[in-house]
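Each structure below appears as structure tokens.
The following pair of complexes shares a single chain, chain A, combined with chain B in the former and chain C in the latter.
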Partner chain A sequence: MCMRKETTPESVISRKIDYEIKKDSQTLSTMKLLLLGGGESGKSTIFKQIISFQDENTKKEYTPSTDSITKNIFTNILTSIQTLINSLSLYQLEFTNDSDKKASERVLSVCEQLENINQSIFQAIAVDIKALWANEHIQSIFNNPKRLYLINDSSEYFFSNIDRFLSSSFKPNQTDFLRVRVKTTGIIEADFTVETVPFKIIDVGGQKNQRRKWIHCFQNITCVLFVTSLNDYDTVLEEDGATSRFSDSLGIFTEMVNSQWFLQSAFVLFLNKVDLFKEKIKKVPLNQHLTDFQGRNDSYNECSTFIKDKFITANKNPSKFVYHHFTCALDSQAIEVVFKSIQDTLLSDIVSVL
Partner chain B sequence: MMATTTTTTPNDGPNNDSSASSILNNLSLKYCSSNKASRLKLMEIIKNKDLRSAFYDFLCFQFCVENLLCWEAIEKFKHKNGTPPEMYSIAEEIYLLFIRDNSRYEINIYGKQKDRLKETLKKTFILPPSNGAQSDTFPKRRKKLRFRKLISKSNLSSIFSDPNQTAGTTSSANSTSLLHNENHHHHQQNGFISAHPIQPPSSPSKLNLRLDEKEGNSSDDSFVVIFKNGGSSSVRGSIPSNIGEPSGTSGEISDYVEDFDRKSIKFGLLKCCNLFNDIQEELEQMMIENSLHEFLKSKSFKEKCAGIVSI
Partner chain C sequence: MGKEKDVKLKPVSSSGKKSSAIQKSISNNSNLCNDRLSINLTKDDLTFTRNTLNNLSHLMYDETARKIFIEFSELEHSHNHILFWLEANEFKEKYIPVKSYDKSLKPEQQQMPIELPISTTKNQELLNNNVQTPNNKENEEEKEKEEDEEEEEQQQEGADKRESKKEEEEEEEQQSSQQSQLPSESSDNHLKLSASGNKVSRESSSESDDEEADESTLAAKSNMKNALYIFDKYLTPQSQLEVNLDFKTYIDIKKKIESNEIPLSIFDKSQKEIFEVIYNDSYFRFKSSSTFKYLLACTENNELSNSLSKPIKSPKKHSKKTSCFCF
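Our next item is the complex of A and B:
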């Protein structure tokens, strides 16, 4: 005799419960990736990269409009040139010729009204920006190994691409998008799926005043992606202008890697901004800032290994393994390889649990 | 929270749907045609009571509600036309609640911006010559903070007074070692009221600082600390660095006595209503960049939009 499916109220409820359980077990297996690290270390850049490896829908959902990217590029450029102009006095320099002086006044007055920036204003001021960027004093303080000011790491890229941004048909490309700096506040999440496994990636603000919020997303993290900027061994925190970024970053890393929250989580360390680091060690000897460094200042391998070891030895838990990668977050291919390997490790972990 | 206007009946029919979608089109989807447009959109949301409360919830979810709170406090400040002492008090509250290092709802602005604000403050208000040179703009406070007053006038007071929401999350964060770590750096800040730690109004405070009026003729940053538990003994000296640490010296924060007459504060060269302008712009920027786009896509926003149409 053939059994028909019962439709008693109990069976409906039972099926509902089954469904709930199924749904719950699926949500439980969400891979939660958490990006941590100090301000301007490159967390959001890696966030953007990971999004860009996903399918079209995800990309569309989490990529801002081209207009807002363009506007942020303008803002980045103006802020950078403003910083450079205002930093001249730190080096006891000032513009010697009248035209540059006038140009700097015009640029600074536009900076006053930064929120109104648009294509036409930018086009009008671009000549002045280019002239100032070419100015010998500006160049000398920009290239001065002793940086007394903080400037966006992408400023050089933006300055040299100004002409492209001027065209009214300008559409920002992926590099522009990755390069543009926007400060993250609060906690930003993105969801996507890789081979039917749901992933959630969480980006946070890195400034000190933002760190107290981190605790809210510490639960059930599958993998922590800790980002630190190699390049920051000679810079100080923007927040207070005093604390060394390197020791600050190492401090939070030590706290996070040894935290009870992440006992079960995989830990990946991104030693980011390798490209800038390679350039910087030529100009700024590492042992000037990390005085216990004994190796050769001009050797990239020795310098980078030294910093890596500082981080790796901060992990006090012998059973915990910290993966590390030297990265340049702008290099999409390299980040993709790294992300794929993380992804594979995480996915194979689930299989082994099953 | 749930205003009656948001309730929708499921049988509202296609009529509503079309108007709802027109509003949606208006407000979201193809939203960011330019930066100005997103700014307008933000204003539209903030001005609409229901949308604002939904946006508020969304910001809570993203843990950056302080951006909106501070924006509103500044907005209130801008539209108030008070006497110099009144305006000074409000400016002080905004500073203490949102801007000062380690303040309760500290917003994420650049250190440089903070410094600039301090300069602007000095040009906006002229403080009477005080006993003891005041390099600080908000040197002393008399009473416990009037945060609640500042916020309670906002439409969002109901959320604020709920201890399980914003207040709860903040105080739980207080207990983390991260914040504790920050406190160690407290004395390094270049903030100007660094000697006055602000405890969340709800939590028991620990230190008692009292500025002695008669002895105020002292050098810049020396002041008198009276420890209540320590009886009448008063310690005099420069600002101890550990004052910001909750675990530091025991005592109780109580009233400060100002060493200058608040009534004779005068407006300075700059217009008072422009005081926080650039900070407000920065806040708008942060809300647009971090939250607006996501919010416009969120379910609650769409529901609210539909709700508005249905009335």
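Our next item is the complex of A and C:
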């Protein structure tokens, strides 16, 4: 049952050889990067960004057609406005004038057939959406610091750009593509090469029900890119409406960083959605939700460091170093810098082994 | 995405020669992860056209194309959504409306003796052709209803015919044992259910009101069982195949099941949501895969080699005969 490991010179040498064989085999095989994290933390956005830094062929292969992006934008907008309309009752509010009431009915009926959405339907309903978005009640619940509902982080961006989407010659730009929210299901892989070294990047779905699929891609991961949303300290999980997203994310991070699967893997932590976090701490004091926070609620540095430390100290393996980056996944330049640095670290590891 | 290369696909030769191209293991709809059968995609299997492939709802109703799509999504572990969508469809087909239950059944009573043997041979056929078992289930359900009707009739005829009834029951049992050879585990459940149903109707008095009530409880039971089957398989957080559903939709369904109320539309919203998920995620990747390009090439070749006079079949629901798999 309990055999004590003998540390003989032979066993040390043997382990050393095993380690070297493993290192060598890693250099010959693909660099596998795995994106992990909770739902809506920004994994797919980073995935899209990394693809966009590659050559034209790779980009073409993994970027959806403009038609489907446009359709997803329409779907995102309608889902957001639907959420807002349906959430009025949570604040004991309702539309007071008839025109808004009717507009909301029309919008909700379009939402019933979301799968049929197209340019002309959207053009017809856009006036109503704009009117509703401007409605004082909708604005008040949207800006209410106490969010009782979940809404896409990009909804404000989409609402304010509605006019641009209406044009029949509209072509989504890179920002639209990065902003659009599509739930990831399953495990998505993309292959590309950097300086003749083959890379594979793997994106996964983040909801709880998707996580049991993760195990399928845990083997031989060179580097784990763990994404967490700083902004989520006051929100709950979409999948159960109760668990705090922050503690959920910290929970999976703890599990992953200490996992046997990733003993040999590099670990990078993306503290994502910095832009939204900076705005949110002004409205929602951090210590209301993370009660052990002693610092100043209005200090971005203190708030963000506090959250970062929570994650970093979750790593129980002293020989493992977790790199961390504060990021906004939408900021292409910043992500490119971060990705280049990860890439260089990984490539220099190869060189040092050789 | 590189994994899809494992699926060996060769273009169908335009000469019309059957290409023994694909050795694929496809999971059958009702016995999802265990029942693997290998098929060859031949020219005759090309029941789908370019339009079918480019329209997700058409694709979902075309058996061959759908199976390949399921196979593809299995590689990236997102097949559970497609399976859920299909089984939710199946649920609606199997659904027995509770209120109008006996009215709708009356005309069928007359056909009963003819229907029964046919449905058994059908089952046999279906088994041989390896067409999806849901059809079997449907037939069984018809049979189940018929059996109950039979029971009823006999009760009305009086107690002195008990002997002949027993004989008939034996016959039924024989058929039942035939049925139980079917690979579907839920078919067994159906039989159990129908057996318990018989028991109830036997114990109850011959007043027609009570019988109607029994029938509707039976229908409700069957609906509940089918709903629970889907719920346990795809919706509960413990399930291996849990789909990525909005929490509110999940709670709505859960509440309905808990309050014992199973409307026909119970899975409608979730089905819609999951369709969107498939459309936006897996289907998009399927469309940009080499498998998809191969399938497109197949349809093109097929259209070329066929004379233009041949009309293009539009995909139909229940196109049982359109898929002929050769072994």
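The rule we apply is simple: the second predicted complex is superposed on the first by the 326 of 354 C-alpha atoms of A that agree within 3 Å, B and C clash if a C-alpha of one lies under 4 Å from a C-alpha of the other, contacts with A are read in each partner's own complex, and residues count from 1 in each chain.
In this text, contacts are C-beta pairs under 8 Å (C-beta built on N, C-alpha and C of every residue); 3 or more make two chains touch, one makes a residue touch a chain.
Small disclaimer: the values here were computed from a predicted structure and weren't measured.
Overlay on chain A: chain B and chain C clash in the combined arrangement. With both structures placed on the common chain, the touch criterion links A:211 to chain B but leaves chain C unconnected.
In the superposition on chain A, contact of A:172 is made with neither chain B nor chain C. Residue contacts after overlaying the shared chain place A:191 against chain C, while chain B stays out of touching range. In the superposition on chain A, contact is made by A:118 with chain B only, not with chain C. Legend: residue contacts after superposition of the two complexes on their common chain; A:38 is shown touching neither chain B nor chain C. In the overlay built on the shared chain, the residue A:251 is in contact with chain B alone; chain C does not reach it. Of the two partner chains, chain B is the only one that A:243 touches; chain C does not reach it. Clashing C-alpha atoms with chain B appear in just one stretch of chain C from the list 146-154, 164-172 or 272-280: 272-280. Shared interface residues of chain A (contacting chain B in one complex, chain C in the other): 61, 64, 68, 72, 114-115, 182-188, 205, 207-210, 212-213, 216, 238-241. Residues 1-3, 73, 76-78, 81, 237, 240, 242-248, 251, 272, 275-282, 284-285, 288 of chain C touch chain A in their complex. Those residues of chain A that touch chain B in the shared complex are 61, 64-65, 67-68, 71-72, 114-115, 117-118, 182-188, 205, 207-216, 238-243, 251-252, 255. Residue ranges of chain A in contact with chain C, taken from their complex: 61-62, 64, 68, 72, 75, 114-115, 182-191, 200, 205, 207-210, 212-213, 216, 237-241. By the touch criterion stated above, chain B contacts chain A in their complex at residues 31-36, 38-39, 59, 62-64, 67, 101-102, 106-108, 110-112, 169-170, 172-174, 176-179, 181-182, 185, 188-190, 281, 284-286, 288-291, 293-294, 297.
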